[in-house]
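Two complexes come next, and they have one chain in common, chain A, joined by chain B in the first and chain C in the second.
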Partner chain A sequence: MKHSLTLQIGPATFRIGSAWRAPIDQLADLYAGYPDRRGAIADFTVRLQPTNMLRRWVRPSIFITGDHGLADAAPMSLPHGLLAAEMGMNLQMALGWRRHLLLHASSVERDGRVLVMTGESGSGKSTLAALLGERGWRLMGDEFALLDLDKGAILPFPRLVSLKNQAIGVVQHVVGAQRMGPLLRATAKGDIRHLVPRPDVVARMAQGAMPALLLFPRFGHAAAIRPVGQGEAFMRLTQASTNYVALGEAGFVALTRFVTGVPACAIDFPSGEAAFEMIDRLWDEGV
Partner chain B sequence: MSAALLVRVLRNPAAAEHLDAAQWNALIAAAKAERLIATLAWRVEGVRLPDHVQPILRDARMDAEREARQALWEADRAAAALAPIGVRLVVLKGTAYAAAGLLAGQGRFIGDLDILVPRSAMPQVERALMAAGWEWVKEDAYDDAYYRKWMHELPPMIHVERDQMIDVHHTILPLTARPKPDADALLADAVPAGENVWTLSPEDRVIHAAAHMLADGDLQGGLRNLWDIHCLLEHVDPVALDRRAARHGLRRHVAQAQRLAGALYGGGGALTLWDRIVRARLLARDGWGRETRKLLVFAFYLRSHWLRMPPLMLARHLWTKWRKGHRPR
Partner chain C sequence: MDRIKRYRIDPRDACLTCALDDLTLLYHGRSGQTHMVISPVPEMLRAMQDGATLTVNDLWHRLAQSYDLGDRDDALAQIGAQLEALEALGLVRAA
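Take a look at the complex of A and B:
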């Protein structure tokens, strides 16, 4: 394709091609601190291509596809090209990654142990991970936690952190504007702005660690903690995994090991401060 | 042209040793787009490969193995559903290759379960499958009527629990197509492949694959279909194949499939002008996995409709579909 870039995030390498320059330039800028993988053999190909020939030039419209694609994926406008590229990479991981059990979860590490947070979009898992990453934890990822199939470690997948709506201001207030990408207004999920992870996050993106606590956070409710049983955690994580079925027995074994070895709680929180207080308490009790 | 690179490596796996990173990216993208990545993985086994390629191919093989396992389980379930009405389960295409343990099944992605039953048994088969948990994918009166009147299969059904599709055929080409294969002969000469599962005879497997590729459809996935044919041809005697193809009215298609398989995957061979046009369509894929030669691809799309229907019927069909909001891709 006319413009392209190869990125490595955690264990996965992506070759991203685009009919337009802008999305590739934005990616190159925001991923400047990641390893240079120019010319590498990629695990996945991502394509940002015009929805039809006319839409390359006139009111440009991006169709996100690649090795794996969805025929009915909603087209995106060129100003949202960076988001399209991120979604393209997520799509490849979600549909094509087989080397770990993929959990739709954020993860952070401290003292060699990992806190995994899973929940629907809007649960606050990305925001919490981003903020914890500025409070002495190592950010491992805000979208996918990779569960090792043999040993049970969590491996990082630290792409840009995708922040939505009110979370943008909250995080920017903490980290400053230099580490933030362009503000993408009025996407399908509202306003979105990406956060560039700290340099040590990228430097250590090959280092996994054993999970110590699983949380199901829910933002916007009065503070509450409820222990979650192994059965419930298992069922909810099968729903939160895009490749659980594809991995077959290996996925079942890995997930069983995870839920039987890691304590789990659901936490409701009205604010970041309330969440940090609960997390600190649960972490000290559990670890 | 990366489809050409894919064909070259499938024909001669040793060529993979000398590829650079850019060629590997192109080869992998084309192989994934043509759903031949796991076949490629099997082919290059034993060849010295770059470190980063190995896990990609291992993943593909694992996916194909899972699909084969799932496909055989679906066949087992369908056989159980049809046992009470005394209809034996004849499976077609990917499931058949997996059930019979054929080279064509090695690394082949398998989508839906395709089965062949006598036309006279269709109503019982339909009822038996519905009783066992299969249901219609989508209700549309026009499509339903169209399938039942003109097609060689029932509208697709899906299993309510396992989410797997089944296509119930009573012959191998639409009733509107010009060749009229002998469906009774297909069933009469089916051969057992494991417990409760039957497949077409070796000759009929080739003929079905050739009919599917060249007498029906727009050559989407044609490289994989041709790879199937290339592998299936190893199990048949050319004279017996020709005689059988004549019986089904598909001699011309089978002969063309043999020429193309030889030219692309085998030891080469002479091609007619029409063969070359088909080959150009088959190789319309670039190193990013994109379809190229848009006009040629579209021409084959139009041809697929032409093959299926006489002109007046085609006009009526397209008009109805257009009003329903359907547009060619």
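Take a look at the complex of A and C:
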């Protein structure tokens, strides 16, 4: 493609090609602190291409595709090109990654042990991971936690943290504007702005650690903690995994090891402070 | 309930089993499916794991050695219904 970039995030390498310069320049800027993998053979290719020839210039419209694609993926406008590239990378991981069990979850590490948080979009898992990453925890990822199939460790996948709507202001207040990407207004999920992880997160992105606590956070409710049984945790994690079925027996062994070894709780929280208080308490009790 | 029909576990249908705190998981390699089951299914499968060909009545006898099954006719009906469900899933086969 006319413009391209090769990025490494955790164990995965992506070659991102684009018919337009702007999304690649934005990626290069935001991922400037990541390893330079020019010329490397990538695990996946992402392509941002015009929905048709005319749409390269006239009201540019991006179709996201690559090694793995969805035929009915909704086209995106060029100002949302950065988001399209991020979604393209997520799509490759979700549809093509087989080396680990992929959990749609954020993860942070402290003292060599990992807190995994899973939930649907809007649950607060990205925001909590981003904020904990500024409070002494090591951010490992906000979107995918990679569960090692043999040892059961969680491996980092620290791409840019995708913040939505009111979470943007909350996180920017803590980290400042320097580490924030451009504000992408009125996307399909509302306003989105990306956070660049701290340098130590990138420096240690090959280092996994054993999981110690699984949380199902839910933002916007009165503070409450509920223990989650192993059966419910297993069921919700199979739903949160994009490759559990594809991995077959290896996925079953890895996920049963996880749910039988890691305590799980659902937490409802009305604010970041309430969540931190609950997380600190559960962490001290459980770990 | 068919009291003559015989069932067995084909060795190729043997499941990986994981007991959780509130239910049991079965991974059936042949279909790639994971099943979540509760009592009496794990106990029934365990009682059949030697591959023997069993009627509902045979299985009741095996289970009755280890468990208090209550009313015999009720237990036979439940075991028969569970075997039919397990056959539909491909976990046991009609012999």
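Methods note: the second predicted complex is superposed on the first by the 287 of 287 C-alpha atoms of A that agree within 3 Å, B and C clash if a C-alpha of one lies under 4 Å from a C-alpha of the other, contacts with A are read in each partner's own complex, and residues count from 1 in each chain.
The criterion applied here is as follows: contacts are C-beta pairs under 8 Å (C-beta built on N, C-alpha and C of every residue); 3 or more make two chains touch, one makes a residue touch a chain.
For clarity, every value in this text was computed on a predicted model and none was experimentally measured.
When both complexes are superposed on chain A, chain B and chain C end up sitting side by side without clashing.
Between chain B and chain C, B touches the greater number of residues of chain A.
Legend: residue contacts after superposition of the two complexes on their common chain; A:Arg15 is shown touching chain B, with no touch to chain C.
Once the two complexes are overlaid on the shared chain, A:Thr256 sits against chain C while remaining clear of chain B. When both complexes are overlaid on chain A, the residue A:Gly248 reaches chain B and chain C alike. Once chain A of one complex is fitted onto chain A of the other, the partner contacts of A:Gln230 are limited to chain C, with no touch recorded for chain B. Of the two partner chains placed by the overlay, only chain C lies in contact with A:Thr238; chain B stays clear of it. Once chain A of one complex is fitted onto chain A of the other, the partner contacts of A:Gly152 are absent, as it touches neither chain B nor chain C. When the two complexes are laid over each other on chain A, the CA centres of chain B and chain C sit 60 degrees apart as seen from the CA centre of chain A, to the nearest 10. Contact with chain B, but none with chain C, is seen for A:Gly39 once the two complexes are overlaid on the shared chain.
For the pair chain B and chain C, the least inter-chain C-alpha distance in the overlaid model is 6 Å.
Comparing the two complexes, residues 248 of chain A contact chain B in one case and chain C in the other.
Listed in rising order, the residues of chain A touching chain C in the complex are 229-232, 234-235, 238, 245, 248-249, 252-253, 256, 259-260.
Contact residues on chain B toward chain A in their complex (touch as defined above): 21-22, 24-25, 28-29, 32-33, 50, 52-53, 55-56, 59, 62-63, 66, 288-290. Listed in rising order, the residues of chain C touching chain A in the complex are 16, 18, 20-23, 25, 27, 29, 32, 34, 36.
Per the touch definition, chain A reaches chain B in the complex via residues 1, 13, 15, 17, 39-43, 45, 47, 49, 66-67, 96, 98-99, 246, 248.
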